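Read from first to last, the chains carry the letters A, B, C, D, E and F; within each, the first residue is number 1.
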Amino acid sequence: MLSHLKDLQFEAKPDGPDAAFARRLQEILGGKWGEMTVAHQYLHQGWSCRLPGRYRDLLLGVGTEELGHVEMIATMITRLLENAPLMLEQAAEDNPMVTAGYAGANPAHLVHGGGAALPVDSAGVPWTGAYVTASGNLLADFQLNVTAEAQGRLQVARLFQMTDDPGVKQLLRFLLARDTMHQNLWLAAIEQLREDGLAQMPVPEAFPDGSPRAHAPEPLLPPGDPRLYGTPALEVDPVQSPLS
Amino acid sequence: MLSHLKDLQFEAKPDGPDAAFARRLQEILGGKWGEMTVAHQYLHQGWSCRLPGRYRDLLLGVGTEELGHVEMIATMITRLLENAPLMLEQAAEDNPMVTAGYAGANPAHLVHGGGAALPVDSAGVPWTGAYVTASGNLLADFQLNVTAEAQGRLQVARLFQMTDDPGVKQLLRFLLARDTMHQNLWLAAIEQLREDGLAQMPVPEAFPDGSPRAHAPEPLLPPGDPRLYGTPALEVDPVQSPLS
Amino acid sequence: MLSHLKDLQFEAKPDGPDAAFARRLQEILGGKWGEMTVAHQYLHQGWSCRLPGRYRDLLLGVGTEELGHVEMIATMITRLLENAPLMLEQAAEDNPMVTAGYAGANPAHLVHGGGAALPVDSAGVPWTGAYVTASGNLLADFQLNVTAEAQGRLQVARLFQMTDDPGVKQLLRFLLARDTMHQNLWLAAIEQLREDGLAQMPVPEAFPDGSPRAHAPEPLLPPGDPRLYGTPALEVDPVQSPLS
Amino acid sequence: MLSHLKDLQFEAKPDGPDAAFARRLQEILGGKWGEMTVAHQYLHQGWSCRLPGRYRDLLLGVGTEELGHVEMIATMITRLLENAPLMLEQAAEDNPMVTAGYAGANPAHLVHGGGAALPVDSAGVPWTGAYVTASGNLLADFQLNVTAEAQGRLQVARLFQMTDDPGVKQLLRFLLARDTMHQNLWLAAIEQLREDGLAQMPVPEAFPDGSPRAHAPEPLLPPGDPRLYGTPALEVDPVQSPLS
Amino acid sequence: MLSHLKDLQFEAKPDGPDAAFARRLQEILGGKWGEMTVAHQYLHQGWSCRLPGRYRDLLLGVGTEELGHVEMIATMITRLLENAPLMLEQAAEDNPMVTAGYAGANPAHLVHGGGAALPVDSAGVPWTGAYVTASGNLLADFQLNVTAEAQGRLQVARLFQMTDDPGVKQLLRFLLARDTMHQNLWLAAIEQLREDGLAQMPVPEAFPDGSPRAHAPEPLLPPGDPRLYGTPALEVDPVQSPLS
Amino acid sequence: MLSHLKDLQFEAKPDGPDAAFARRLQEILGGKWGEMTVAHQYLHQGWSCRLPGRYRDLLLGVGTEELGHVEMIATMITRLLENAPLMLEQAAEDNPMVTAGYAGANPAHLVHGGGAALPVDSAGVPWTGAYVTASGNLLADFQLNVTAEAQGRLQVARLFQMTDDPGVKQLLRFLLARDTMHQNLWLAAIEQLREDGLAQMPVPEAFPDGSPRAHAPEPLLPPGDPRLYGTPALEVDPVQSPLS
């Protein structure tokens, strides 16, 4: 069960509007490594965790915090979309900022969302449940979570270099600090798994490697079922062919 | 069975080209609430309608009209793409309209479509059959249809504010008027359903609500099948853990 | 900001495993009208709501409750997947329940999810952010929310007819009761909007309908830009053609 | 503009229900090479055709006929879904036909569609606008249309081998005959294009091939922009590395 | 089995950076008719080819060459992304080339890819396996391959018109020449299939066309299963209805 | 540049057909963590690698090997599809293996692929380029690669438990051994990066964490642009509302 508190974890207010940056910021909301991905990934890992206690609590706790990050970024994007230039004619008024704001924006922000954030990435492609992995193997998943925080931190750091707006930069710096903390939490959880004797590398360690003989000749397939109307088999002489 | 007439329902001709607006207009052709969605939604609802007569006729009639709207919008988009700026170098000629037209366009309109409309939305994401709902329950579906016309009308009204081209504005005004008429048709159909004694709120009314006891403790999952290589169960003491 | 409580809103425990029903139940978790859709739809509508107070609070409150429903259904699916038949050979043991459980399951539940719920629908197609609409117009969105609860309630009622498991039926009955309550909440919110003088039909009412002249002749397109390598124009005589 | 006629082009009635075959039949409704693809492909090619007369008429005429095929197949699928087994328990009654009908069905047909066709393929994946190509070059597109009819005819012929139901087989035979006719129409249109002097192979013939020098050494990339936080450059000696 | 050689088939080096053109070039890497599609299509057709020898060898040989084209285009895109403008503020410096480069770029190239190519199209939509067809019928597939080279050649020729960069134009000219050669190879393979007596038009020729009677009255559907909660049947009089 | 060798890395031949297992095996060909993902991920990471030498060589070498794994698995799937039951009527012959083989198969394998592998996952959802990450930061990407091998190894180990076919089991054992080797290679590469002084945790280490003040009050949004037709602002008294 979840509950919602009105306050935000951190103030998310830009100094001014910027529709083109609003589009870019969508990458960390609804992109492959954005907050929607980590929120749902950690929650699903928690919901299917068969070890009650600290591992499950950690997953559900961090997952829920990430939902609050979605909220902060959505609020920021909506604010960046204030006063977005709606018409090409505005772009003719010789202000390159307006031109770029018009042409670099995601039109769906305005036409579909009415000036608000959408669950899509920076190209406008919708977020998909395929981004979520909860494999039931905690070592594999904690490693993935370390990775997710690393990729996420990388994207936030890049976005930090793409704006001069102090309010936006403060939010990004806050998100970076949280990502670092979470990265360390997952690394500690991997360490704990090892101490608890629950998992080792490679994953899954319970499956012993064999040493099968490698290399085999070209595979030859039999003729197919005629009811599938594939090309019938015929002995052809490759030497005479113009194709060879 | 359908037949095609050469004429359009309404003249769809812009006063001048505008590749950036062509991209935006795609939202009402191939977006979630665009004409492709309502056309296929109403047709599917009609094809699966188990009541011959007025409900079925209404669905198939309006659905077919919406296919004609796809045609009009596709024609308009193709005309707006005439003389689209093809090269960045053209954008250097100090005309912000050209710069915005180059940068704000959907490149696939030119490279893939050869200067014509595509079945995609304003971000270039392809239309998908997942946008269509035909549930077999007419009240639920008529309500959805009212909603679809409202969301569609909203998007058309926004696009009306995003251009000064009189020809485009006339087309949008025509589409708005038709959306209003359809919205009223679906509201009348809901009224008729009630008069015919066929459906009430909530949907489906045939299912009586009970009053189950709410609240339950934290769910505990049993250990998983070892053949799935999840993390094995182990009694751990959460007190001693650095994670808690 | 959100917080997570360990308890569930309702006990979600089946009397026995059923991998085929687990796959079907995914429709109301990750399908178009499932709990992920309504949760994110209401939250996005709340995050972008420009009216502080009751409308915003309502949206964020119900949206957060729906996240708890995702949790309950995910837990139920994971429990239904216990002891799922892993091999075709098991299906040969002349128990049609096992045969159907093997063949009617979603293999990704086992191979990818390790025996747990996934954010996908009953066909295994991942949930997508395209299912979410937050238009910024409360009347349009509240109508959509009524619709979403109606479609959702319909699906839950159908699933209720597809199982004899008392535990599963209890959960479905609980979800049905909540959907009814939410349907009524959105209807009341529409009424309130009208009382507050904030919105009328059609949506958006602020845009006046005109009455444009309908009907236009077949559209003729000019020859295209030769740099796009379309078929060149040529005056042809349709009478002599074998195509006409 | 399109209009709808109540009659079908051909009687589409199965001798009995078969939910598993209903799922398979979806491939030719909403699959990559199904009727939705050819309908929209031909219509888009017609809407963007810059040659008024026979080519445009042919495209719009055949495209509209294909929409009628969608209607016939949708009607057939809905009829095949009558009396679909809803519960696993029914599968226990020792009738392998029922077991296979339960497990081999697409659950979304029942839970989402209420027992009717959906715009999806045989795996349940929604149809997408990405299946449509209208390039603006008639020779390229007529070739693609020949191909589309060939792939479609292949799939219909395979489905013909997958059922004994005489009513279904008659519909499939009708579709096969229409596909053959359309295949021949597109071949004739290619011939006509050549006679009209409008296009030759390769496509686009207007672009002359050169003969550039092939082969180049391994590409070396410069160090990246430090603001993107890639791995920095460092002179390393590959000889000493455990990786080489 | 495949092996990688460090050298490229052709030198892929632009004279200068151009982030907007980098986005456009993605169409022939990860678009519907791009190199990823033909590479995987030919390889899958080869892997499932039941005729050992020239047909299989041809498919695997050309498919592997296309993978090398993906490599060349990816390298070119990465080079075009050097020094991409990261901030809107740079666009304010009154250089329309920079404005267009900022606004016309795909932000995911920078935020997600760190300044490198992605497996997406020119709108940023990810490549999908649905673009690949390997039907098992060589005539149908060789025709599709001719088509794929024609559509691909068309797109490369259009991109050639969208840049003045000599290095980029040389790469495009090289790709055009290879596409022409492949188009001719597939045409020769079709000829060979005929000479070998393996396939004729229409595809599949083995299925004889019948001549079924066309035209049927409006289809009437029976009332649905009440457990699916569709609208119940009722005899209604269409004459009195406000809908008709 | 790549070249193709006719031989396979390992013999991929089942002892008998099994259409249901063929569908399951697709997960490691075209699923999120399947061979197509790792092949393209490593190749893209190599193509954009700015450090010539061992890192680039390693990425391109392993990526190319994974393409050979796609080939082996595709060949195995095609062989498992031999003699697949095409009709429900066959399922009536009282052999549960046939019933499960009919109902548990992916129909697209037969109708679309003509009895061969497809680039899709075990639910039939097409592989997508969104599964590939090449961030330009080698430490982040090597960690992801360790993860990818762990998730992949997990899935192969699970599939090993889902079949008794010795030939299939040998192939899976071979793939497991290669995954283990690759997992170790990426771990060694991470070690090497550290020794070379190129990267540390967290990723990107070059960005210093700050310590921003957390917690902020509920965000209030200003009224929206009236041209977007959102709900207008109005001072409402939440106390009197039936919603609160």
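In this section, a contact is a pair of C-beta atoms (placed from the backbone, for glycine too) under 8 Å apart; a residue touches a chain by one contact, two chains touch by 3 or more.
Please read these numbers as outputs of a predicted model, since none were measured by experiment.
When the partners of chain B are compared with those of chain F, the chains appearing in both lists are A, C, D, E. Counted as hops between touching chains, the shortest connection from chain A to chain F is 1.
Under half of the residue numbers at the interface between copies chain A and chain B are found on both sides, making the touching surfaces mostly different. Most remote from chain C, judged by the distance between CA-atom centroids, is E.
Centre-to-centre spacing of chain D and chain F amounts to 25 Å, using the average Cα coordinate of each chain. Remark: chain A and chain C have CA centroids separated by 21 Å (rounded to whole angstrom).
Note on chain placement: the centre of chain C and the centre of chain E lie 30 Å apart, centres being C-alpha means. Within chain A, contacts with two or more other chains are made by residues 6-9, 32-33, 48, 57, 75, 78, 86, 96, 99-100, 102-104, 110, 112, 114-115, 120, 123-126, 128, 130, 133, 135-137, 139, 154, 157-158, 161, 204, 206-207, 218, 221-222, 224, 227-230. If you draw each protein chain as a dot and join the dots that touch, every dot ends up joined to every other dot. Those residues of chain F whose C-beta lies close enough to touch chain A in the complex are 6-13, 32-33, 75, 78-79, 82-84, 86, 110, 114-115, 125, 128, 130-131, 133, 135, 137, 139-140, 143-144, 146-147, 149-151, 153-154, 157, 160, 170, 173-174, 176-177, 179-180, 183-184, 187, 201-204, 206-207, 209-219, 221-222, 224-225, 227-230. Across the complex, chain C is touched by residues 18, 20-21, 23-24, 27-28, 31-33, 95-97, 99-104, 121-125, 154-155, 158-159, 161-164, 218, 220-224, 226, 228-234, 236, 238, 241-244 of chain F.
If you check the complex, the residues on chain B that touch chain E are 48-55, 57-58, 86-89, 91-94, 96, 99-100, 102-104, 106-108, 110-112, 114, 120, 123-126, 135-139, 185, 188-189, 192-193, 196-199, 204, 206-207. On the side of chain B, the complex with chain D involves touching residues 1-9, 30, 36, 40, 43-44, 47-48, 57, 60-61, 63-64, 67-68, 71, 74-75, 78, 112-120, 126-130, 132-137. Per the touch definition, chain F reaches chain B in the complex via residues 154, 157-158, 161, 227-229.
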